[in-house]
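Attaching a single structure in structure tokens format; questions to follow.
Naming follows writing order (A, B and C), and every chain is counted from residue 1.
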Amino acid sequence: MSNILEVKDLVVSFHTFGGEVQAVRGVNFSVPKGKTVAIVGESGCGKSVTAKSIMQLLPKPPAEYKQGEILFNGDNILAKSERDMQRIRGNEIGMIFQDPMTSLNPTTKVGAQITEGILKHKDVSRKEARSQAIELLNLVGIPQPEKRVDQYPHEFSGGMRQRAMIAISLACEPDLLIADEPTTALDVTIQAQILKLMKDLQNKTGTSIILITHDLGVVAETCDHVVVMYAGQVIETGTVEEVFETPQHPYTKGLMKSVPRLDQDKKQPLIPIIGSPPDLMDPTEGCPFFARCEYAMEVCRDHNPSFEYMGGNQHASCWLHHPLAKASE
Amino acid sequence: MFRYTLKRLGWAIVTLWAVITITFLLMHSIPGNPFAKEGTMPEAVYNNLQHYYNLDKPLVVQYGLYLKQLAQFDFGPSLKSKTITVNDYIVNGFPVSLHLGMQALVIAIAFGLIFGVIASLNRNRWPDYVSMVLSIIGISVPSFILATFLINFVAVEWGLLPVATWSSWSHTVLPSVSLAMMPMAYIARLMRSSMLEVLGQDYINTARAKGIAKHMIIFKHAIRNAILPVVTVLGIITANLVTGSFIIEQIFGIPGMGEMFVKGIFNRDYPVILGSTIFYAAILIFLVFIVDIAYTFIDPRIKITGESK
Amino acid sequence: MMKNNEQLTKEMFQKVHDNFEHAEKINRPSVSYWADVWRRIKENKLAMLGLILIISLSILAIIGPYINGYSYYEQNFMEKNLKPNAEHWFGTDQLGRDIFTRVWYGARISLFIGVMAALIDFLVGIIYGGISGMASGRTDNIMMRIAEILYAIPYLLMVILLMVVMEQGLWTIILAMTLTGWIPMARLVRGQVLQMKEQEFVQASEALGAKTGWVLRKHMIPNTMGPILVNVTLTVPTAIFAEATLSFLGLGIPAPQASWGTMANDALDSILVGNFYQLFFPAILISLTMFAFNVFGDGLRDALDPKLRK
């Protein structure tokens, strides 16, 4: 098996005061070993919920895994006990969060936050763990790691903190690294450094990466596969070339036009997608993109298209690819 | 760090000076003088007393003399009992009050934290409701009411525990509990909301993503951070404990400083009121100072800026 | 879905044009800020219980003393220390006064002190804090230092001291309590003002030429009033508590007037002779009132800041 992770028909809901929020509604994608897969989509479309589901970090309640499987190295993660999950988290799957300013514990030394995971998963002494932490800080490009290891997060800049986060997540050399918008909160120049760092580390360790991002330029540059999410569903997947060259879903096309890309001509005007994603509290039967789609057809109003093979590695869910649609053109 | 300590110390001294001055002026602003009331006193005795208490000198001089006295930890003589000084009262009463206060403080902090943590970990389930109902009752029932209810039921009706005097440990239970209830409730509420906030922070997810077990996360990451706001209010809580103890000591007949203070009020014994107010204020200001400094040790973010948040 | 395939017809694949209107319709009807707060507070059962209690206690404070025909000061030595009965619903005290009547008379005094103290703290705090926040710079610094020093003096200690010095009376108590009581409010107001001055939308609307009055009404007041209102609500129980404590120390309202605190104090000896009910009624009412204001204040805070509740 060459896929390290396969997410199959995942459905996750939140039970809130107002009712059931269907945050993830049947997500399918896989991560090949050693590759980088991007998850893109507007905010609120379920990217973080999907990522946290893989780590089983969602609090239950209010979250409920209603359906589906998440196969990690062939084992269904959703069926594992909390104890087993604790062995997997940090050890086999690492995770980096969006905001480095809040994702480190302010009252604990950075070094201690790195060694915590090492001591949990590896049979090493405190002293060894500490020297590993220093090594890791060095690896992620933090100068004077011997001094830095005893400092607190507030003594680090934002970029440094994110480097420290990467050190934490890589401390036990996980097979899969999930980075949930790791650069969104950082300056542009630092974003590039952090991404380069992740890429370099991947080349060294062979880790597979799931990279959640808004930045299609980043996707084009650093990723192998793309998963496009909308309203809790995957609406298109494929290799980076396929999705960028021949986007099959109107939403993907809109996304391409609406966000700035580092790899593209600056002069090209940005065209935002009008409207906003549907309320996941009570989603319609039809295609969730219906209300915002310039190619919308009658069928889209009440029927949600299925996820279809588009050739190559590409899949998409859109009625435009139905034979009848092609015929009526 | 050193500069911060020095600055805080400076503040403590200025505050104490302000308290002394305000109290002094208040006490001397009372119309007439404390001996005028005791009508039948011979003129010579009156003059002697005036002289003895420095009341015949101008206010500024009295103020200067009083400050000088205070600098030597001398709170002066009492008005009502000529043989006893305010210092005697403090020396006799303070250890008892300290015992009561510490016992109550320990109960308040320990149970307050426990209830707060349990409530936050069981949000919207019965342990949460029980803790919160208890703490709402705690902040709604003044200590003297709780004390009288406890005396009526636990001591008088059911005869479970003794009241009055301060002779054995079992005598200390009811007063300590009465005194501890309100600060305990306050700490429990504060700790609960603080815990809930911390548990929602990203770094808790980071810790979970490292595979750390839940109880370790609660102790090492959650409680450690959630306790910070509780530490900052310890000064106020202690102040409330002290003022609460006036009444508790009075109700239970405990021979502490509070009882002496209240007696001083009843007798209009101004040196006693003045002296004990300053003594209380000094202790509280000192405690707040200690809490401020201690805070810099438990919250590493404070050190670098040298300012509290 | 594929299973729907059989029903698919060619007509269904006609392009539609009205779909964008849907997209615009998503905007929910905007409810006014206070209506929204009120709706949330109504959902909070405990807060509503508090509100109902506050209203009932206020009504009883007004009409209570007239209900059973006794007066609060009338002594009747034939009817001393009567347990609650059909004539005297809450019994009589050691001077033969009707406790039911006295308790509601006491409610007037206690509630009046609580509400007045809160209002005065509110006014002084708004003025002091507002000036301090608006002035900024040195004035602000000096004003806040003064407040800080005054605040370091333990509140109840200060109040007790003032009451020793001043002549006992209703207004003296209120004065004593508000003399340093306004400080937390002033700090809060100052903080809010500073925060407001920073807020982009205020600057933006000023830049767009909005009238100051409009900015105040539309942005400043709703945004700053929340925490201030909560503070006012929670000052009431603090003041009632302080008054009860003072009375308990014999520094409260002079007889024959009575507050719950003085009644509890008078009744203290009654426990030992088995007349616990004399203490019970004022004690329960103090606690109920504090409970009501505390839970209502909490509910208000939650309703004003829904983020906290989630």
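As a convention for this text, a residue touches a chain if its C-beta (ideal position, glycine included) is under 8 Å from a C-beta of that chain, and two chains touch if they have at least 3 such contacts.
Bear in mind the structure is a predicted one, so any value in this text is a computation, not a measurement.
Visitor: Just by CA atoms, which chain is the most central one?
Guide: Located nearest the centre of all protein C-alpha atoms is chain C.
Visitor: Could you pull out the chain whose C-alpha mean position is farthest off from that of subunit B?
Guide: It is A.
Visitor: Can you check how far apart subunit A and subunit C are, centre to centre, with Cα atoms defining each centre and the answer in Å?
Guide: The separation of the two C-alpha centroids amounts to 47 Å.
Visitor: Once you find the CA centre of subunit B and the CA centre of subunit C, what distance in Å lies between them?
Guide: 25
Visitor: Taking each chain's centre as the mean of its CA atoms, how far is subunit A from subunit B in angstrom?
Guide: The mean C-alpha positions of subunit A and subunit B differ by 53 Å.
Visitor: Of all the residues in subunit A, which ones touch at least 2 other chains?
Guide: none
Visitor: Among the residues of subunit C, which ones contact at least 2 other chains?
Guide: Nothing qualifies.
Visitor: So in the complex, which bits of subunit C are touching subunit A?
Guide: Interface residues on subunit C, with respect to subunit A: 1-2, 4, 8-16, 19-20, 22-24, 26.
Visitor: Can you tell me which positions in subunit A touch subunit C when the two form their complex?
Guide: The contact residues of subunit A facing subunit C are 274-276, 278-279, 290-293, 295-301, 303-304, 306, 319, 322, 324-325, 327-328.
Visitor: Please name which positions on subunit C make contact with subunit B in the complex.
Guide: Going through subunit C, the ones touching subunit B are 148-150, 152-157, 160-162, 164-165, 237, 241, 244-245, 248-251, 264, 268, 271-272, 276, 279, 283, 286-288, 290-291, 294-295, 308.
Visitor: Okay, in this complex, where on subunit B does subunit C touch?
Guide: Residue positions touching the partner: 11, 14-15, 18-19, 22-23, 26-27, 29-30, 136-137, 139-142, 144-145, 148-149, 151-152, 156, 193, 239-240, 242-243, 246-247, 250-251, 262, 265-266, 268, 273, 277, 280-281, 284-285, 288.
Visitor: In the complex, go through subunit A and note every residue touching subunit B.
Guide: 52, 55, 57, 82, 85-91, 94-95, 97-99, 102-108, 113, 116-117, 120-121, 152, 154-155, 165, 168-169, 171
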